[in-house]
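Two complexes come next, and they have one chain in common, chain A, joined by chain B in the first and chain C in the second.
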Partner chain A sequence: MDVALEDRHAGRIVPATLIERIDVAYAKRVDDLWLTFLAAAIAEAEAAGTPVELLEHTHWRWTGKVELTAHLLSYPTLAIECEERPQGLMMLKTDGEIARSQNEQGKPLVYVEFLATAPWNLPAVVARPRFRGAGTILLRAAIETSLDLGFKGRIGLHSLRDAEIFYARSGMTALGRDQKKENLEYFEMTSTQAMAFIR
Partner chain B sequence: MAGKKTMTLNLTEAEMVALERLSTEKDMSKTAVLRQALRLYQVISVRMQVGERLFFEDDIAKEKKELVVL
Partner chain C sequence: MNFEAMREWLARKLAHADDTVAAAGGSSLEELRRDTQMRTVTPTVLETVPTQVGQVVRYVREQRGWSQQDLADLADIDEVEIVRIESDHDVTLSPRSVVNLARVCSFSTTRFQQLANHVTVHSAASNLSALRFAARSANIGSVTAGEFDAVRALVDVLSEDTSDAT
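After this line comes the complex of A and B, so read on.
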């Protein structure tokens, strides 16, 4: 599917591709590219005397995650590709998760298991991040998956601390820290919020 | 979303009643209910293939009952 990212260096919108259901080979490529870049960025920053604070998701290994789930309908992993490099990745869980928010309690939703953007797009890693918009596109894809499955756009996720502001600004509602999930803040988007997001 | 293929499904009266009830209860279309059922069946099947078993647990009665899945 065709999508678009903002190229912050060029100051323009550029075409990208949303790939549904990546395979293990693609996940391995993501790990190779992202971790290599991250290691180099960290080394460079440390040499310059400005150490990079490791983000919470930088230890994620997508190869292992996709190896366990690629054959399961319930766990699609989507990727955004631009300039022949993966710019963002997201794994969804599409069964067995229900809404906690007051008006939609008990109704099925799509759960975002993992969502990450490429390290060269992150202000915390590089002085001049390259592309903007990957997270928003992936959230939209999660909502559209929810709509496609008949869940009316409802999505939920536990946010890493670095990303709480992003999800709040995206219109998701924070429903409190979840002790069962390392005290991460749990966010949901109701059907109404989802429709407003994708309009 | 990826392209889909269409199939025709024949259900008994009782199956259709059950499907309609689930559809109402879950606030999902009948198609969505069946697609969800497929996902669950696959997950259960995969886990059983590696030797796991599926149980219902009653916290109050302190009972566990195995669900036998074909």
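After this line comes the complex of A and C, so read on.
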């Protein structure tokens, strides 16, 4: 599916591709590209005497996650690609999760199991991040999946600390820290909020 | 959506909410493994369940990804009772538990009641022997593919839309 990303170096929005289900081989390629880039960036920073402090998710490995779920219809992993390289990945869970917000309690939703962007797009890793917009496009893809399933756009996720502001500004409601999920803040988007987001 | 529309939409979103850091997810790999395993009902899952009542309840519970506690909460019965249903050789269910479990599992109450009472049940829809089953309390030991299919067929019969609204 045709989507878009902001190329920060060129200062304009460029075409990108959304892949609606990746396989294990693709996940391996992502790990190879992302982890190699990350290790090189860390080594470079160490050599320059400016060690980087990284968020835990930058070390995530996708291969293991996709190996467990590739055969399950209810666990698609999506990728956004630009210049033939993966810029962001997202694993969804489309069954067994229900809404917690007061007005939609008990209704089914799409849960974002994992979402991450390529290390060259992260300011914690590089001085001049390359692309922006992967999080926004993937969030929209989660909403579209929810609409396709008849869940009316409802989605939920556990945000990493530095990303909370993005999800809050995107119109999601923070429903409190979740001890079962590393004490991360749980965010939910109601049907109404989802419609406003994709508009 | 064409590229022009998408570009305009993305620019608007990014101006409002910077997504430079957008990572989400708090599940461990172990948690993900457990969750995905719950989603596939395999013959192994039913191996330790000695009765057919227990097997159909376990089957539906696994299929929906519920823990024993989840099912107990949904059916408003004690978790201990779920454990007993799934592991005891001789299960006696109270009428209330039968009705509540049938509702939560989308079973016909009458049919589930018959199964729970060790009564031979005939599918109303057919006299085919494949759709006829008798409750059995003997320990299964291992579940063959044929037996697994029979449990699945049993769940189907119990879930058939009947008009015995209770």
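A few remarks follow.
Methods note: the second predicted complex is superposed on the first by the 199 of 199 C-alpha atoms of A that agree within 3 Å, B and C clash if a C-alpha of one lies under 4 Å from a C-alpha of the other, contacts with A are read in each partner's own complex, and residues count from 1 in each chain.
The criterion applied here is as follows: contacts are C-beta pairs under 8 Å (C-beta built on N, C-alpha and C of every residue); 3 or more make two chains touch, one makes a residue touch a chain.
Note that the structure is predicted; figures quoted are calculated from it, not measured.
Clashing of chain B with chain C is the outcome of superposition onto chain A. In the superposed model, A:134 lies in contact with chain C only, and not with chain B.
Shared-chain residue A:177: touches no atom of chain B or chain C.
Once the two complexes are laid over each other on the shared chain, residue contacts for A:13 go to chain C alone; chain B is not touched. Touched residues of chain A, counted separately for chain B and chain C, are more numerous for C. Shared-chain residue A:159: touches chain C; no touch with chain B. Within the superposed three-chain model, A:115 lies in touch with chain C and out of touch with chain B [touch as defined at top].
Of the two partner chains placed by the overlay, only chain C lies in contact with A:3; chain B stays clear of it. Applying the stated contact rule after C-alpha superposition, one finds that A:96 touches each of chain B and chain C.
Contacts of A:72 after superposition: both chain B and chain C are touched. Within chain A, the residues touching chain B in one complex and chain C in the other are 72, 74, 95-96. Those residues of chain A that touch chain B in the shared complex are 20-21, 71-74, 94-96, 107-108, 144-145, 148-152. For chain A in complex with chain C, the touching residues are 2-6, 13, 15, 55, 57, 60, 64-65, 68-69, 72, 74-75, 88, 91, 93, 95-96, 112-117, 121-124, 129, 132-139, 157-160, 162-163, 165-167, 169-170, 178, 181-182, 184, 197.
Chain C makes touch with chain A in their complex at residues 1-3, 6-7, 10-11, 13-14, 16-27, 29, 32-33, 35-36, 39-40, 64-65. The residues of chain B lying in touch with chain A in their complex are 1-2, 26-29, 31-33, 35-36, 38-40, 42-43, 46.
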